[in-house]
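Following this line, the structures themselves.
Here subunit A shows up in two complexes: once beside subunit B, once beside subunit C.
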Partner chain A sequence: MNTTVARLTARGLFGRRRVLILLAVPVLLLVISVLARNNGMDELDLVHRILGTLALGTLVPITGLIVGTGVIATEIEDGSIVYLLAKPLPRWKIVTTKLAVAVGSTWLLSAVPIYVAGLLLYGTGDEVVLGYTVGALASGAAYSAVFLLLGVLTRHAVIAGLAYALIWESLIGSYVDGAQTLSVQQWGLSLAEAVAADGTVIAPVGLATALWLLVVVGVGATVYASVKLAGLTLSSDE
Partner chain B sequence: MAVITIDKVSRWFGNVVAVNDVTMTIGPGITGLLGPNGAGKSTLIHMMSGFLAPSAGAVTLDGARIWRNQEVYREIGLVPEKESMYDYLTGWEFVLANAELHGLADPGAAAERALALVEMGYAQDRHTGTYSKGMKQRVKMASALVHDPSVLLLDEPFNGMDPRQRLHLMELLRRFGADGRTVLFSSHILEEVEQLARHIEVVVAGRHAASGDFREIRRLMTDRPHRYLVRSSDDRQLASALIADGSTAGIEFDAAEKALRIQAVDFQGFTTLLPKVARAAGIRLYTVSPADESLESVFSYLVSS
Partner chain C sequence: MTTRSDAHGGVIHDIGYRPYAGPRLGRRYATRSLYVQSLRAAFGLGRSGKSKVLPFLLLGGMTAPALGMLAIALFAQLDEMPMDYPGYLAAFAVLPQIFLAAQAPVLMSRDLRHHVVPLYFSRPATRGDYVAAKFAAMFSALMIVLALPLLLLFTGAMLAKFPVGENLLHLLYGLLAAVLYALVYSALGLLIAAATPRRGFGVAAIMGVLMISFAVANITYALNGGFDPTQESASWAFLISPSTLVEALVNQLFGLDADSPSALHAPDGAGTAVFTAVLLALTAGGYALTLRRYRNV
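Our next item is the complex of A and B:
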């Protein structure tokens, strides 16, 4: 961790208009939860829809995408990353610091609101809400790592990230069973199943597989991002 | 002594060769990297500052490879061409952050010293996003100088500066050069380079065209054969009068243009000869225009010589 890198990253992330979009996500979740409670629907079913499909399936990846690319892609895009890189700082330190800021922000903006929304909707019963929160923590961290890597790899990180989240996870993942094994969202759901009381949350991917893949993808993406950042080439205007 | 060595370096992007087998040594004092736009100046500076790998050859600082070696930044201060620099920070916060990133013992004092050096203390509490181009350039300088580097690399530092800012920056760079630091800056304007640099490296179309003292380069550039297009009241008589003199190398009568194409041996001799000859022969000159005064043609002459 480098405190200066962390400070610059956090200010860049929250100091721009981006913060409004980021804050809109948890606010939306809480508003929907307040409106949806006590409307006569089965409570558990409601929790699955809001915390599972909406939050874990859409809000966490969107937040992870905006935050994960926001902590590095913007700086690479406008060239200001030069001021971080022209320093005797190990590249992995820059990447892990930025990742820590991204993970912390994703948790704050998605996992915490999910827990609060869950309490509003369902309370603490059956550990269902805790399960979804743990799932959001795990998948939020993995999304941050993957989207940070995308930010280092490509100038079109947001498009590539959206394609992954929307096309692979949401579209293909809901029809093709095999695709679910390679879906961050499903790994989070698998953790939710493990934490919640038996039979309350159903996940298609086994816990051991999910944990392994979370660790491999998280660590792998971070290592690869460090290597790629060390060899970052400045684009020439010539 | 900090010396950057570029040894048989080439860099290509796909099929395009941006830098072609360049060898040069940049030592203490001010060196100007001169060349027309697109000549490969930025590519060279990117390689010297560790932001681009050479496709062939080696770029080193005192023998240490620069690419993928973050330790060189203890010695190198880089002033990039791009302007973006964390617009949401104030000048002070920006320079202080740079000092902290270098891991300096007293970053506050270093930032203060660097800002004073570029005379930006008065505006240090404003956001860098509100700075003029010249102010940004100076704060970028402060960030590059904050760790007291022995090498300073500047990519087109005078671009877009007004004359006053230009003078101020030149004065600053002169001081660093006099301190025995290795200062390298790029420019596509000869006058700019010769005002500042004793030593000039010229690159044209990716190749190392010339190297040496600025007087040497200046002489090469003015003493080349000059071409003129001349129209007069009697072209043929003027031609015969001119060819008798040694300062004219060749004359062609261009029937389509109805003009003479004259190749002069030296600039000084020909420009005094032409009006004299014309007057003596009673010929009226209608047009005298240099045919190859563009910077590119000056540079390409250097390449071929």
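Our next item is the complex of A and C:
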């Protein structure tokens, strides 16, 4: 961790009006929860729809994508990364610092609102809300690591990340069961299942598989990003 | 009274420089050039090979299923296309959305980041012309992506000797849907792209708006008992997302899939009028805000 790098990264992420765009996501989730509160629908079903489909399925990947690529890809794109790389700092330290900022921001922008929205909708019963929050923490961290790696690897990091989230997780994941084993969203859901009371949350991936894959992907992505950043070639913007 | 030059005894010599005396092509020519250049840039033409990959991949991804259906219809001797023209656009809606998210920042953000916008405005083309040219270019690019598969489907239908009249009518429905999609998408996409000089951020923000509004529309629909066919009012939820807005409006306007319960429809009665008004307001509002954003650069 390097506090100066962390401060600069956070400023790049939240500076100017960008914080407003990022805040729109949690605000939206809370507004929907308040509106849906007294809907008369089955409460558990409602929680699954809002926390499962909307929050874990859409908001967490989008936040992870914006934040994960925002901490490094934008700097690589506008070339200002060279000023950072020129400092006598190990590259892995830059990566871990930026990852820490990204994970922290993703948690702040998605996991915390999920917990609050869950409390509004369902209260603390059956540990369902806690489960979804733990799932969001885990998948948010994994998304940040993966999208940060994409940001180092390619200039089209956001598109590549979108292709993964939209085409692999949503489209292929809903038809091919095997694809769900390799989906960050399902790993998060699996953790939610483990925390929540029996039978309230159903996840297709086993807990052990999910945990191992989460750790392997998170650590692997960070290590690979460090290696890649160590030998980064800056391509000029066309 | 002696002036400075007299004091130095200096003279201005005519050393034969000539001013430009040729024709000045003027404002309309400049706007047209900007339009052509932007349209080419939207597909990566005139730029490096790498930047051609993504737009053509998306264009290919949009047309490939149409070619597949064409082949199936011809060889399996079907008596109609597996998918209706507007239904095709709705089924593959995510590809034009990614195209918009990827290419709208190419048109807007790069000019902002490299500070060339003031250079444009120092020429005859005005701020309004700049926005109009960019809007027209994005609209045309989206129309190419949306209309090409429809035209392929129509060609297939003609080759397979399906009834001309009905196919032509539905092709027109499809093309109208394409125009509406392209209008709303361009207005929103360019507005968001013009707000940030960072390309990556623009891409994520446009896709975020489209994806999240779509998810919210579906959840609102479900929360209001949308899957219960008697709950007509739930369809108002489709106003939330630009893509469901167009899809529901077109389906209702032309009475498409009226018997299928899973198809989106604008609510009866005032629904069509309100949906049309919201669509126009979104387009005009997005365009006006983009104009406003360029009022001082």
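As a convention for this text, the second predicted complex is superposed on the first by the 233 of 238 C-alpha atoms of A that agree within 3 Å, B and C clash if a C-alpha of one lies under 4 Å from a C-alpha of the other, contacts with A are read in each partner's own complex, and residues count from 1 in each chain.
Going forward, a residue touches a chain if its C-beta (ideal position, glycine included) is under 8 Å from a C-beta of that chain, and two chains touch if they have at least 3 such contacts.
Predicted model, so just to flag it, every value in this text is computed and none were measured.
Clash-free side-by-side placement of subunit B and subunit C is the outcome of superposition onto subunit A. Contact with subunit C, but none with subunit B, is seen for A:L54 once the two complexes are overlaid on the shared chain. Judged by the touch definition given at the top, the superposed model places A:R37 against neither subunit B nor subunit C. Within the superposed three-chain model, A:R11 lies in touch with subunit B and out of touch with subunit C [touch as defined at top]. Rounded to the nearest 10, the angle at the Cα centre of subunit A between subunit B and subunit C in the chain-A superposition is 70°.
Once chain A of one complex is fitted onto chain A of the other, the partner contacts of A:K228 are absent, as it touches neither subunit B nor subunit C. Looking at the superposed arrangement, the partner reaching more residues of subunit A, out of subunit B and subunit C, is C. By the touch criterion defined above, A:T69 reaches subunit C but does not reach subunit B.
Look at A:S80: by the touch rule set out above, it reaches subunit B but stays clear of subunit C. In the superposition on chain A, A:V25 contacts subunit C only, with no contact to subunit B.
Of all C-alpha pairs linking subunit B and subunit C after the chain A fit, the shortest spans 9 Å.
Residue overlap on subunit A between the subunit B contacts of one complex and the subunit C contacts of the other covers 78, 237-238.
Subunit C makes touch with subunit A in their complex at residues 47-48, 50-51, 54, 94, 98, 101-102, 110, 113, 195-196, 198-201, 203-205, 207-208, 211-212, 215-216, 219-220, 222-223. Partner subunit C is touched in their complex by these residues of subunit A: 17-18, 21, 25, 28, 32, 36, 39, 41, 46, 49-50, 53-54, 57-59, 62, 65-66, 69-70, 73-74, 77-78, 151, 155-159, 162-163, 166-167, 171, 237-238.
Contact residues of subunit A toward subunit B in the complex are 2-5, 7-8, 11-12, 15-16, 78-80, 82-91, 230-234, 236-238. Only residues 18, 37-43, 46, 49-53, 68, 70-71, 73-74, 76, 78, 80-82, 84-86, 88-89, 97-98, 100-103, 143 of subunit B touch subunit A when the two sit together in their complex.
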